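Scrolling down, you'll hit the structures one after another.
Shared chain: subunit A. Partners: subunit B in the first complex, subunit C in the second.
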Partner chain A sequence: MAPTKQAPTRQAITLKGSTNLVTEFFKYAANTILFQRGVYPADDFHMVKKYGQTVLVTQDLSLENYLEKILKQVNKWFLTGSITQLVLAIIAKDSRVTLERWVFDINLVDPPSSDSSEPAPAKPESEIQAEIRNILKQIVSTVTFLPVIDEPTVFNILAYTSESADIPADEWVDTDPLAIEASKSQQVKLRSFSTDVHRIEAMVAYRYEG
Partner chain B sequence: MSYNPKTPSRHHRSRSETKTPLTPSHNYGTSQSPTKSLYRKKSQADITNPFIDTRDGRTHSRAGSPSKKRSTSPIKKVTSAGSGGIPVSRSLRKQASVGLIRKGGVESRIDVITRDYVPPATSSQSQQQLSQPRSEGKRSKSQPARDTRDRFITTRDTTDDVTAALDMMTLNAESSSPGHTARIAAATGVPLGRRVLAYHEAPPASTSDSMLGQQRELVRPLYTRPGALPTSTSSTTNKTRRIATQPERVLDAPGIVDDFYLNLLSWSCLNTVAVALAENSYIWKADSGEVVHLGEAPEGSYISSLEFSNDGQFLGVGIGAGEVELWDIETQTKLRTMTGHSTQVACLSWNKHILSSGCGDGSIWHHDVRVARHKIGELTGHQGEVCGLKWREDGELLASGGNDNVVNIWDGRVGDVAPGTKGYRKVDETQPHGSRKSQCFLSVLSCLLSNLDFIERFISFPSYLK
Partner chain C sequence: MATRTVDMASIEQQKENITPMPGGRLASKLAANFNCASKSVSQFKQQQQLQREQFESKLSEVEELDDPLEVYVDYIKWTHDNFPQGSNSESGLLALLERCTSCFRDVLYYKNDPRYLKVWLEYSNYSDSPREIFVYLAKKEIGNQLALYYEEFAQYLESAGKINDARQVYEIGIELNARPFLRLEKSYKKFEERMMLRNNAPDSNTSSSIRDVLSVKKGSNSDSIGNENDGLSSSRKRQKLQVFNDEEYEQKLPSFKEALLDTLGLKDLGTIKARIKENVLSPKPWKGEIIKQKTESSRPNSSKFEVYKDQPESQENYEIIEDSDNLAYTIIHQPGKNTEKVSLNMKLVYPSPEEEYCFEEILAMSRRFDKLHIKNENIIPNENFSYPVERNQTYTIPLKDDTFTIPLKDDLQDDENESVKFKTKENDKSPNSPTITMYSKMAANEVYSMFNDAANNLTTDDEFDAKSEQENTTNYDGFVTETIRFPLKDNQEEPQRSKEVSNKDIEFRRRECEKLTFHRASIKCIN
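On to the complex of A and B.
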């Protein structure tokens, strides 16, 4: 993976632009996970062209709206920089056991040092897209090692925010982290991608009792 | 989510069930100041402890406890079950609130520490529960800033659970003392001031149309079907193949002859079961459950064997006196009786229109049921009674097992030869240790042997037969 740029410029991608880019990535990442892990039936999804490849996106209106609502709030937290982690947990429907946790760490890239010299060239969008594409491809490829889930599952999206984050009280509630017991979990780090402002690191933890 | 955010873990915590006041470290999600929560606990301790502030209760408890205190489990000593616990006097409480205990200091200190370190393994549930209010209240007063990490350990059975609990914990700095929180944070590696949030409503369920669900089930790839692969997820690991231990249906068979040499049961390809009960033969139609009395053996004899023809239309019946009968299932009439055997016919096997019968004298006859002179072949190779007989599916070979511990494989090409023509005995396999019990085995084996693959794999043919 390309190393994170240490001195990006703000000219190419602003905070807002980066935020939208990252939020959009989450939308497709969540859709990909939900499709690949069979949380929703495969025929709920249809193919769209995105990031130079086909991505499967849900057609289920209620799910679409649900993700939309969540990502809208996530977007706000992005702008204030108060979100540190986004987790998509896959939970067994009946036993409520967490089977998988897809963790996306969100890091703010250090702002460039204030020397007014010629900043490093902005990271071209095509490069960012290539990184995103690689993550999505990696999510697809995880089915080869993740345990087969043959029971109905549900998912939940958790947002790790700072204490001071502005939280719409009636919509977001404090919750259990839905962690998997350390002794029963395996973790695989996925690729990361970065814009000039944000760096997203992906990781999947899954329940595995050898 | 439906989880209570106050609980650090979904796991069962034996202690937290009856705990009314939360100790500072447990005040997740509440925004009380440390002093306020302490005060609340104090007052709750007062309520739950009827003997508080009374000299009597204190001396009573003191008098009752010392002998037990060091000898038994620390939990047991805590209260004399119903009495409500060790009282804490007002002065003691005042000292406790500033973090020091002078009066009876050593003992109360021991109380706290030993209880923390010894898991409540031996004490009964009721004792644990009764001891809860007092122990919680006391600790929070006497040791407000004590590092209480060990509390987590004592309430866990395994270290796994501890790890899990620590993983799942978040800390809320406002509700406990700063020093305590910092220590917990350092010990668990959980950063401070982090909130875990979830959207207030659960994600929508996928559309639950049963028709659609069925269609989806049908187009699922094999590997995603339940039970297709062994998985490592906890909820599916113990899926094993279910072997029924209960019979699906029990049929009463009064008077069935208790002799394992006889073959009194036959199941046809038309899903009907023929069973012989002494001299009577019955048909049970498995599809409808209907029972039909087919017929009786001749007077003074009994039925010794039954065998359906391959198409299920006819039933061969061997009689104890040596006759072989042919019955039509549909009309429930006897078509013919084929005589000639001297003793009981214990086994029958069909090959198209040829009914082979194994006799008690060791001979095997082929009957062509279509012609009047029914006996078209005789095979003599057994010294003892023939107790197992089975044609191979294609009629090429016939296997017979005898009471002389011999299994014979016969060339099945009998053709239209004169009666009395002997078939060729192809193979014989002698059991070295013959016994009555081995006959069952032989009977089974003769069935197995009707499969040529089996024969060629396990039994060497004499070279002249190859």
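On to the complex of A and C.
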């Protein structure tokens, strides 16, 4: 009985750890996207060492608080396992047209089958960090094919949760998916990273008008 | 929709070979091309050649088409898609742009076609004097009804620092009611806002010259480079030849309005090839010419800059060597640096890339006291604690077979009975295992209490009053960890002497210290 008793406790700890890791990743990924895509002026960002590289993080207090608030809620959803997708949509300010959708699919890693007595060895954090670093690098290198945005834009964060998720009504509202018309949309899959509990797959969809 | 998703991995290898385009690129096309090229280069080239020939044959019958410009636009687009690296001799993009622009420059119905203007604008990016192109367009009345023309021209002038000219350009555009008029007005308003900000900013020069990070560079290359180098030119190495700079011409350059009115001076732009004619060697007889031989240079071909490569994780660049005295030392190899020899065993300090231990921890671990050590670390020493409260806490001290030595206080030496050597094993020889040292006051206190209680019970004369006890517990500065061999006689006047330790013990401790400070690394983990 001893191993079966031990397993859930370990799982509970890693779920929390993994959740924190993933939410932290979202914070830096969102900041990187907002900087690279020029949603906020470049002087609003300052350099921070993270994941063994330099990441630009906003200094704008209101934006910081906004992200913080969202990520707090996302963190809660993570712990209940009710979040399936997180989308950062970049929208033209005037025309309200969605220009880019940065999609992060959140999957739970299948727990190892009960037949195997040996639990999978924990993934070293350095490996996870390297994977995260690669995603952030890819976000940067998308400038090679993404259209230049020369109009003012705003951004919106969409969370796809399960039906049962507990949603604070005053902060989150049901909304349009802000999708890009299929005929004009181009999708590029970015790398993914996984912890022992979560697997995050990143993708960017953008509007291309030839 | 799902089928259109492209994997970034197929593009990433080539990301440096893609020229960013203002309108972006089709990721699906990029990936498809890179995939084809990676499979079979010759086949891919053949296919491209075939497609190119198709376009060329279409162009040859351009006179019969309803919309000849469309062929060109498609051709240019095809070139963009197939040659993401941009303009080079292989893609022939520049020549194509030139052909297109010169083909329709006098065609009336294309003069205000945005597609045609866009071709011109792209062409201007490759020119070393975009201003001339803009002026030429104005004179030819190409795009003079289009807001795009005025926006681009003004933006170019603005980036070149010619604010007044830029303003004039906007004004002319608005005057001529260029379409879409609303957008032009908006751009003009934004321009004015920028100018307001610039005037208010304390150092307008520096802020304006900073380009947006990773944005597409627009306008003339020569201009921005020229501006940046003005201050630096003197510090740069001496130029090999003097480049003639026509300053008078620059000064005489008429403003936009004047240039526009001066329709008499309309001359052909000529091709870029013609402009750089000085760069082309004219053919001449080979007789008497010396062909430079490729000589094997003595020094190895060192690349001018290092190509960045992702480091594989956890690379061990040191080796552990044990010398004749059984002491380990580490040889550290670092590329580009001298090899270092460190007198410690790195394997113990960094057992794995994630872990790191300090020497004390290693020492503790080697003696299996790590648990105790960690426990004690968490306790904050408090000068004013009261004794009874302390007592409630329990400490686990693994005694095992080790000799345990209790530190003693100077003040206690008055009483002979109280200096006692505490041993778990009656053994008169100097201990094989080293002395344990308690680092925290609390732990020491606890041991005192145990010790003093025992002493209390043992002594027949009960002189142990509360006062002396109080002293014991609070005053810890003289924390002595020596093993007291035996109570000293007649030392009531001289408490200092009680510190005396047998020579043997001192010797032992000295050796121990040496080990700790110099050859800690030679400690082998007992596990």
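Methods note: the second predicted complex is superposed on the first by the 195 of 210 C-alpha atoms of A that agree within 3 Å, B and C clash if a C-alpha of one lies under 4 Å from a C-alpha of the other, contacts with A are read in each partner's own complex, and residues count from 1 in each chain.
The definition used in the following text is that a contact is a pair of C-beta atoms (placed from the backbone, for glycine too) under 8 Å apart; a residue touches a chain by one contact, two chains touch by 3 or more.
Here the structure is a predicted model, which is why all the values come from computation and not from measurement.
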First, second, both or neither for A:126, with subunit B first and subunit C second: second
Which of subunit B and subunit C A:208 touches, first, second, both or neither: both
First, second, both or neither for A:38, with subunit B first and subunit C second: both
First (subunit B), second (subunit C), both or neither touched by A:191: second
A:92 touches, of subunit B and subunit C: first, second, both or neither? first
If touched residues of subunit A are counted for subunit B and for subunit C, the larger one: B
Partner chain(s) touched by A:154 [first = subunit B, second = subunit C, both, neither]: first
Touched partner set for A:171, first subunit B, second subunit C, both or neither: first
Partner chain in contact with A:143 - subunit B first, subunit C second, else both or neither: second
Overlap of the subunit B and subunit C footprints on subunit A, listed as residue numbers: 38, 42, 147-148, 150, 182, 208-210
Contacting residues of subunit A [partner subunit B, same complex]: 38-44, 60, 62-63, 66, 69-70, 73, 84, 92, 94-97, 99, 147-151, 154-165, 167, 170-184, 207-210
Contacting residues of subunit A [partner subunit C, same complex]: 35-36, 38, 42, 124-127, 130, 138, 140-148, 150, 182, 185-191, 203, 206, 208-210
Residue ranges of subunit B in contact with subunit A within the complex: 1, 3, 5, 7, 10, 28-29, 160-161, 163-164, 167-168, 170, 173, 192-207, 212, 216, 223-229, 231-237
Touching residues on subunit C, where the partner in the complex is subunit A: 1, 4-9, 11-12, 15, 18, 20-28, 30, 77, 212-216, 313-314, 353-354
